[in-house]
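Which chain is which? They are A, B, C and D, in the order written, and residues in each are numbered from 1.
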Amino acid sequence: MIYSLCLLLILVGLYGVAVSRNTLKIVIGLLIMEHGVHLLLILIGYRTAGSPPIMDPGTTATDFSGSAVDPLPQALVLTSIVIGLGVLALMAALCVRLYERYGTFDIRAMTRLRG
Amino acid sequence: MNRDPSDQGMGEIVRTVARWLRGFILAYGIYVVLHGHITPGGGFEGGIVIACVFILLTLAGGQDLGLSFFSRRAALSFISVGGLLFLALAWMGMWWAGGAFLQNFIGTSEEARFSLFSAGTIPILNIGLGLKVASSLFLVFTVLAAFRIDAASEKPEEEGSGS
Amino acid sequence: MIEVIAILALFMLVGAIVAVETSHLLFAVISVGAVGFLAAIAFLLLGAPDVAIVQIGVEVITLVILIRATIGRDATSAVGQRKLVGTVTAVTFVAAIGLFGLQGLSDFPAFGMSVMDRIADAPSNTYLQDGLADTGAPNIVTAVLLDFRAYDTLGEATVLFCAVLGTLAILRRKARVAPSPNEHKEDSE
Amino acid sequence: MAFLLPLLARGRPVVSDCLANGTLAGLTIMAFATIGVESLYHMGAWPTPIGIDLRLDPLASLMLIAVNVVGLAAGIYSIDYMRRYTDKHRYYCLFLLLVAGMNGVILAGDLFNLYVLMEIAAVASYALVAFGCERDELEASFKYSVLGTLASSFILIGVALVYGMAGTLNMAHIASRVSESGMGPSLHIAMALFLCGFGLKAALVPFHAWLPDAHPSAPAPVSAMLSGVLIKAIGIYVLARLIYNVFGAGEGVLEVLRWLAVISMVAGGLLATGQTDMKRLFAYSSISQVGYIVLGLGLGTTLGVVGALYHLVNHSVFKSLLFLNAGTVEYATGSRNLEQLGGLNRLIPVTGATSLVASMSIAGIPPFNGFWSKLIIIVACVQGGSYGFAAVAVVMSVVTLAYQLKVQRHAFFAAQPPASVAVHEEPRLMATAMVALAIGCMALSMLVLAGLSSPFLVGPAARTLVAGVFAS
């Protein structure tokens, strides 16, 4: 089933977050998870032999609503992609700043906080 | 300002090509924003394309070239302008047109369908969104890219208090 | 159709595994870029051109930001021998979640059976049916984004604004006003 | 229309203290104006399943008041406190976005909208934790943002599954869909994902790792916001809404909640006793107190929910007060290590007095509000027949008393060690904010006079939850 491939993608991202010892690779793991979720949403919105939800001047509303794929998940994914980009920018800034402080991306070097 | 060599941008060829391309990509970005309600595209898409133009210029020609077209201060004010345009329309729907917050209050006429000026507030919202997305992304990029270069110098930060 | 998507998803999976497993940061960044572009192709095939455009654009910017952040720093490699125990624990943990998730998906509707086909009063039906008449926008995704659910978009623009402000705040040169003698613990004698 | 005002908090041209605090004060007045109003607002004038709804009911007004009062106090406090940092206008911008995000989450009537607004609050808080740009702060913020993003991803997967099953995102519609068709495996997975995601945001024990780092690292007014209201507004509140009003409280979910609560209570409390850093101690104590709130919610009875909500409001007041106290101590002496402090009662009397009030409240000493809310929760436990949980709650209350006494003794009462020399008076505005919160504490204790089983405001809010799923 196609959804399980999405699930696997998400799990690979989760695994990456869990085992990585490098701040940038943790960010990459989160990115992979995000891709998985977006793909899942778009797959949920698909209908067999569907067309993009953009009307041509010729078609009638009834024909169109019988054949187009679901527009709502697409809107959600658009929103979510841009949110993801914002979070990514923030985390990249954190990584860069941490690098400046510690001289490395390795989280094993960053152990000021414990407990 | 003392720059490290990698910030001089790339070779002459890349720089020239980038200069040729910038007009086309910019025009494409603006087209995508303006036709967002008719064809695939919209504020997000076009905004990202426009941001890419300036990022391309920055990568190809170095910080100075990129920032000479679009300074950080300008980017910050564009972010605000875009956001405020969105909010202003939202409030207008409520107070001026007497409807609800975010109501699409400009009429949508039957005959104007599929033309540029149809769909009420949607194109205007798209423009606001495009401005905001483009300038935010460019700003984030330049700040991130410039951080390493300026970290050593003690020059005070270009203050963008116009937020 | 489902086969094509499955193949794309498999490629994405391979890219993701490479990205997670490689010890070279630049490879990792490039592989995650590949995953993103494959996702964009999948979106295009699945009837979502809007999302595909955004995905490509965002992917370009992501790559530029990440490469800009990696190159020229560190030796771009994330070495260091991993502890076997840690890896095994993580794999077991993730696999357990996966099995649990697969079980849960058992009553999920089959691929291609969209919400509109199953539920008559789903809002998506209304969007498709009346979207053009109500908003005047033939691109229903835009209509949903900027009219039916414009509040979401407002919120999303705010998140972006927030992230920009946060980035500016984190990367500002001096965080504190000239420290007074008792500012830091180590200064307080 | 009052409930639209949270959007104003996007106030961009925030360059002065006045503007920011004016906005916060306006928001607070708006929040009080919502008492007793119950309405549904359709964004863009689209009818319910098509557009996005804002939902205002007694529970939402209760939360709005808590968020905005604490926000106002923290805002006033920041005027003096944030002098030490650069870029104050950006701080205020982010602070207002944080408050706006939380208000939005409280009013959201749509699942995806809730996710978006939660991200506003979360992104603002990641940035605020790192605001000082020191090593600790950056590291804490990175940890927090990784776990926070993970939580958001879980929640988004949950939203996707719910959408796939129910075909709608409106909470009331999902509720009616779910009650028609029952909970299938997919919805159980979605529920588990929500539990993980919002549990991470609320710092319940298996998911608490970020909190003791993030909360102490932030500037004091931000810690007060994070610990006082953020974990509740985007964690517990949403969880309560989803469990009670959307999915219908099943016995299984409640059982899980109760166990999570007890683990949080015990682990948080025991870890708190071992701390010497004042803010870190308070952070662990937050985990423990969140345990109480969730225990009350997990009981599923009206009395339990009343106790939980009452404790939630109490906790947001006294915990933010404690964090502001810790901030003042740090401001005055430059240290928050309990072993280096002492005798502060004579030097900063207002802080000493207000922190005494807060400590006694949190420890559950009779006349104060913490006592009443804990009492209600414990009585509800006994009524529900779970004597074990009641016993644990009583024991943990004693542990709370122990570590709060430790703070009082070391910081405020003991003879002053020679180490801390340069002690400043607390500035007047900081003192004002703290006194206001202390008065809030006292006022909340008075609420019980209105009837133990359904105190003012809290009663209607609890009924909103116990009434079951939304009628659409």
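We take it that contacts are C-beta pairs under 8 Å (C-beta built on N, C-alpha and C of every residue); 3 or more make two chains touch, one makes a residue touch a chain.
Please read these numbers as outputs of a predicted model, since none were measured by experiment.
Q: Among the remaining chains, which ones contact both chain A and chain C?
A: B, D
Q: Please work out which of A-B and A-D is bridged by more C-beta pairs in contact, and write that pair.
A: Pair with more contacting C-beta pairs, A-B versus A-D: A-D.
Q: Taking each chain's centre as the mean of its CA atoms, which one is farthest from the centre of chain A?
A: Computed centres place D farthest from chain A.
Q: Suppose each chain is reduced to the average of its Cα coordinates; what separation in Å results between chain A and chain B?
A: 22
Q: Find the geometric centre of each of chain C and chain D from their Cα atoms only, then give the gap between the two centres in Å, rounded to an integer.
A: The separation of the two C-alpha centroids amounts to 28 Å.
Q: Just curious, how far off is chain D from chain B if you go by their C-alpha centres, in Å?
A: 37
Q: Please output the residue numbers of chain A that touch at least 2 other chains, ranges allowed.
A: Answer for chain A, listing residues that touch two or more other chains: 14, 44, 52, 54, 57, 72, 76, 78-79, 81-83, 85-87, 89-90, 92-97.
Q: Would you mind listing the residues of chain D that make contact with two or more other chains?
A: 7, 10, 43-44, 90, 93, 112, 116, 119, 123, 126-127, 130, 133, 138, 141, 163-164, 169
Q: Can you list every residue of chain C that touches 2 or more other chains, as numbers and ranges?
A: Those would be 49-50, 54, 58, 61, 65, 69, 73, 101, 105, 108, 115-116, 123-124, 127, 132, 138-139, 141, 143, 145, 147, 149-154, 156, 158-168, 170-172.
Q: Taking the touch rule as given, give the residues of chain D at its contact with chain A in the complex, in rising order.
A: Counting only chain D, the residues touching chain A are 112, 116, 119, 123, 126-127, 130, 133, 135-136, 138-143, 145-146, 149-150, 152-153, 156-157, 159-160, 163-164, 169, 212-213, 217, 271, 280.
Q: Contact residues on chain C for chain B in the complex?
A: Checking each residue of chain C against chain B gives 49-50, 53-54, 57-58, 60-61, 64-65, 68-69, 72-73, 132, 134-139, 141-143, 145-147, 150-151, 153-154, 157-158, 160-161, 163-165, 167-168, 171-173.
Q: Once bound in the complex, which stretches of chain A touch chain D?
A: My answer: residues 10, 14, 17, 23, 26, 30, 33-34, 37, 40-41, 44, 72-73, 76, 79-80, 83, 86-87, 90-91, 94-95, 97-98, 101-102, 110, 112-113, 115.
Q: In the complex, go through chain A and note every residue touching chain C.
A: Listed in rising order, the residues are 1-9, 11-16, 18-22, 24-25, 27-29, 31-32, 35, 38-39, 42-57, 61-62, 64-65, 68-72, 74-79, 81-90, 92-97, 99, 104-106, 108.
Q: Quick check on the complex: what are the chain A residues that touch chain B?
A: Touching chain B: residues 52, 54, 57, 78, 81-82, 85-86, 89, 92-93, 96-97, 100 of chain A.
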